[in-house]
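So that you can tell them apart, the chains are marked A, B and C in the order they are listed, and the count of residues begins at 1 in each.
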Amino acid sequence: MSPAVTLFLMVVSTALAGSVPIKTLVFSTATNTNYIEMIPQRPMNLTAFTLCMRVATELSGRREVILFAYRTGSYDELNVWRELDGRLSFYMVGDPVLFKAPKLGALQTHLCVTWDSTSGLAAFFLDGKRSLSKIYRKGHTVSPGGRVILGQDPDFYLGDFDKHQNFVGEICDVNMWDVVLADSVIQGMFAGEREPRGNVFDWESTELRINGDVEVATRELYTPEADV
Amino acid sequence: MSPAVTLFLMVVSTALAGSVPIKTLVFSTATNTNYIEMIPQRPMNLTAFTLCMRVATELSGRREVILFAYRTGSYDELNVWRELDGRLSFYMVGDPVLFKAPKLGALQTHLCVTWDSTSGLAAFFLDGKRSLSKIYRKGHTVSPGGRVILGQDPDFYLGDFDKHQNFVGEICDVNMWDVVLADSVIQGMFAGEREPRGNVFDWESTELRINGDVEVATRELYTPEADV
Amino acid sequence: MSPAVTLFLMVVSTALAGSVPIKTLVFSTATNTNYIEMIPQRPMNLTAFTLCMRVATELSGRREVILFAYRTGSYDELNVWRELDGRLSFYMVGDPVLFKAPKLGALQTHLCVTWDSTSGLAAFFLDGKRSLSKIYRKGHTVSPGGRVILGQDPDFYLGDFDKHQNFVGEICDVNMWDVVLADSVIQGMFAGEREPRGNVFDWESTELRINGDVEVATRELYTPEADV
């Protein structure tokens, strides 16, 4: 978080600010076995979404990194990547939409991606700052019935992982909505607001199934809302 | 918008903040055909102006990028560029005035340029932050009777476009005034204020004429004024 | 200072902001003799800690730099380093935990490191921005009875210093707590908050013992709390 944000929150919202305990996932090593499955709260037939997370990784150089994978039996329904060249991307059944952006790194980034079927508008947000918009898969619908995992890219249904693509680092606060949230709402969550809670995934209540050696720890996340 | 400004506005003006729907232009590919013509609300004989927009582009390296073009039959009356070397510039009939500035990039920048004939003072603003001032075309008047386009640089009246100079990316919220606005007003608009509305171009009402493959979509823009 | 910080301070805390005098240590040359011993306020048997400091150094290239050393008779109980390759690390009896991070440099960085025995979670904070978490020495306890020094790395109890590892630059505001502080509290201290005071080391009261040529000067530190 920038010093200004910090400072602002600190002084203006002293009476309200605090921290909340939050689960966080630490993937310590490159493997093709370790992953977390997240159980969605509703079927994932989506004509729009906002997907957010806090992520930090020391992986650098030319290395693909999977950030989120939702796969049905036949397709990568919604996969979010850091590509070999550092660009961010997401794939919905077929070719991706790619975005240049500041590189994800060892200091934590609040990352969101939004997409709406009607307009096809897609965008990333890094620490609340919006990328340009791109037009992608206008009219498409994400299909339900698959599984969502963090840490690995399934090349078929929950299998065929590649340790040169897996996630190594820390990831937490993965939330998803079935609508495109306004820029202001995304900026608020970057700054620690805990509302609105995700209706597809709500990190505070979503069931996590651990597979292999992933550390699930608890740390304090700053929020301007706590301790009221 | 910086998270700090956003956050500041968000929390301080929670009761007032919200978002407004805004048209946005997505230029997906380098072409010499795609452009948007903007119809001004008054004749463009100007002895001062403030021109603002929100812009993001993945074009990088040594590439000229046209940001705004106002051309009469014989002259480039007011053209705003990102130059080959990344500097920002504007041209009023002849040689430009050039400004070093942080590079425009894939995350959205709020960009303004101001000029006043009496003093000749010219300046850019990036995300509300003012450049140094330069003296340019003291005593000059911008001539009326031309056409304003986004996306291409007309080397004659609405023609001879060059796809190595066109705009690729997203541009929106293009507003223009026939006066130099105060720094504080520009900073306010960067932060999402919707007043004062432009009297030469007001993005919320200006007629846009689409030529070729330019996507006109609607997205939410943060504003501290909405939902009052 | 960023415009946002400026704006924030200007508007919100005009009545409250100010500065406090603070001791600062200037290590001018590479030696194997100059150091400061800090006397802790309580025995250093620790199952968790937060250690913060403000540090600036012109040492660059492949050069180890010791930032904090706590050694008992037999062990490096808690040593914080900038490593040869620029990574940050700390050692508790044996192998270190290493973090990639923006390089420490000639402009002052507010640096914190946190660790908790129960979860093993370890993290650095640079200017309030959190690194990824790593799991380190779960279940370990730091032992009491040693000595803490700034400026040199003791390879045995207060001796065998190496001038190719010593600290050259400025260091101040070294504070330590026997708990992991919340992110928000660390961000607050980065921004100048003076509470909560450290209960292992409190820079405002901790006894410093000067050895050799270390300049102890007083300068003003910004704080949003002063001049109330």
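In this section, a residue touches a chain if its C-beta (ideal position, glycine included) is under 8 Å from a C-beta of that chain, and two chains touch if they have at least 3 such contacts.
A quick note: this is a predicted structure, and the numbers were derived from the prediction, not measured.
> How many degrees of rotation carry the C-alpha atoms of subunit A onto those of subunit B, rounded to the nearest 5?
That rotation is 90 degrees, given to the nearest 5.
> Have a look at where subunit A meets subunit C and say same if over half of the interface residue numbers show up on both copies, different if under half do.
different
> Measuring centre to centre, with centres taken as mean CA positions, what chain is farthest from subunit C?
So the chain farthest away from subunit C turns out to be B.
> Averaging over Cα atoms per chain, report the distance between subunit B and subunit C in Å.
Centre-to-centre distance between subunit B and subunit C: 46 Å.
> As a quick test, compute the distance in whole Å between the mean CA positions of subunit A and subunit C.
About 32 Å separates the centre of subunit A from that of subunit C.
> At least two other chains touched by the same residue of subunit B: list those residues.
Residues 2, 4-5, 8, 12 of subunit B each touch two or more of the other chains.
> Going by the contact rule at the top, pick out the subunit B residues touching subunit A in the complex.
Per the stated touch rule, the residues are 1-8, 10-12, 17-19, 24, 26, 28, 56-58, 60, 105-108, 169-170, 192, 215, 217-223.
> So in the complex, which bits of subunit A are touching subunit B?
By the definition above, subunit A touches subunit B via 1-2, 4-5, 8-9, 12-13, 99-102, 119-121, 123, 126-135, 180, 182-184, 187-188, 190-191, 224.
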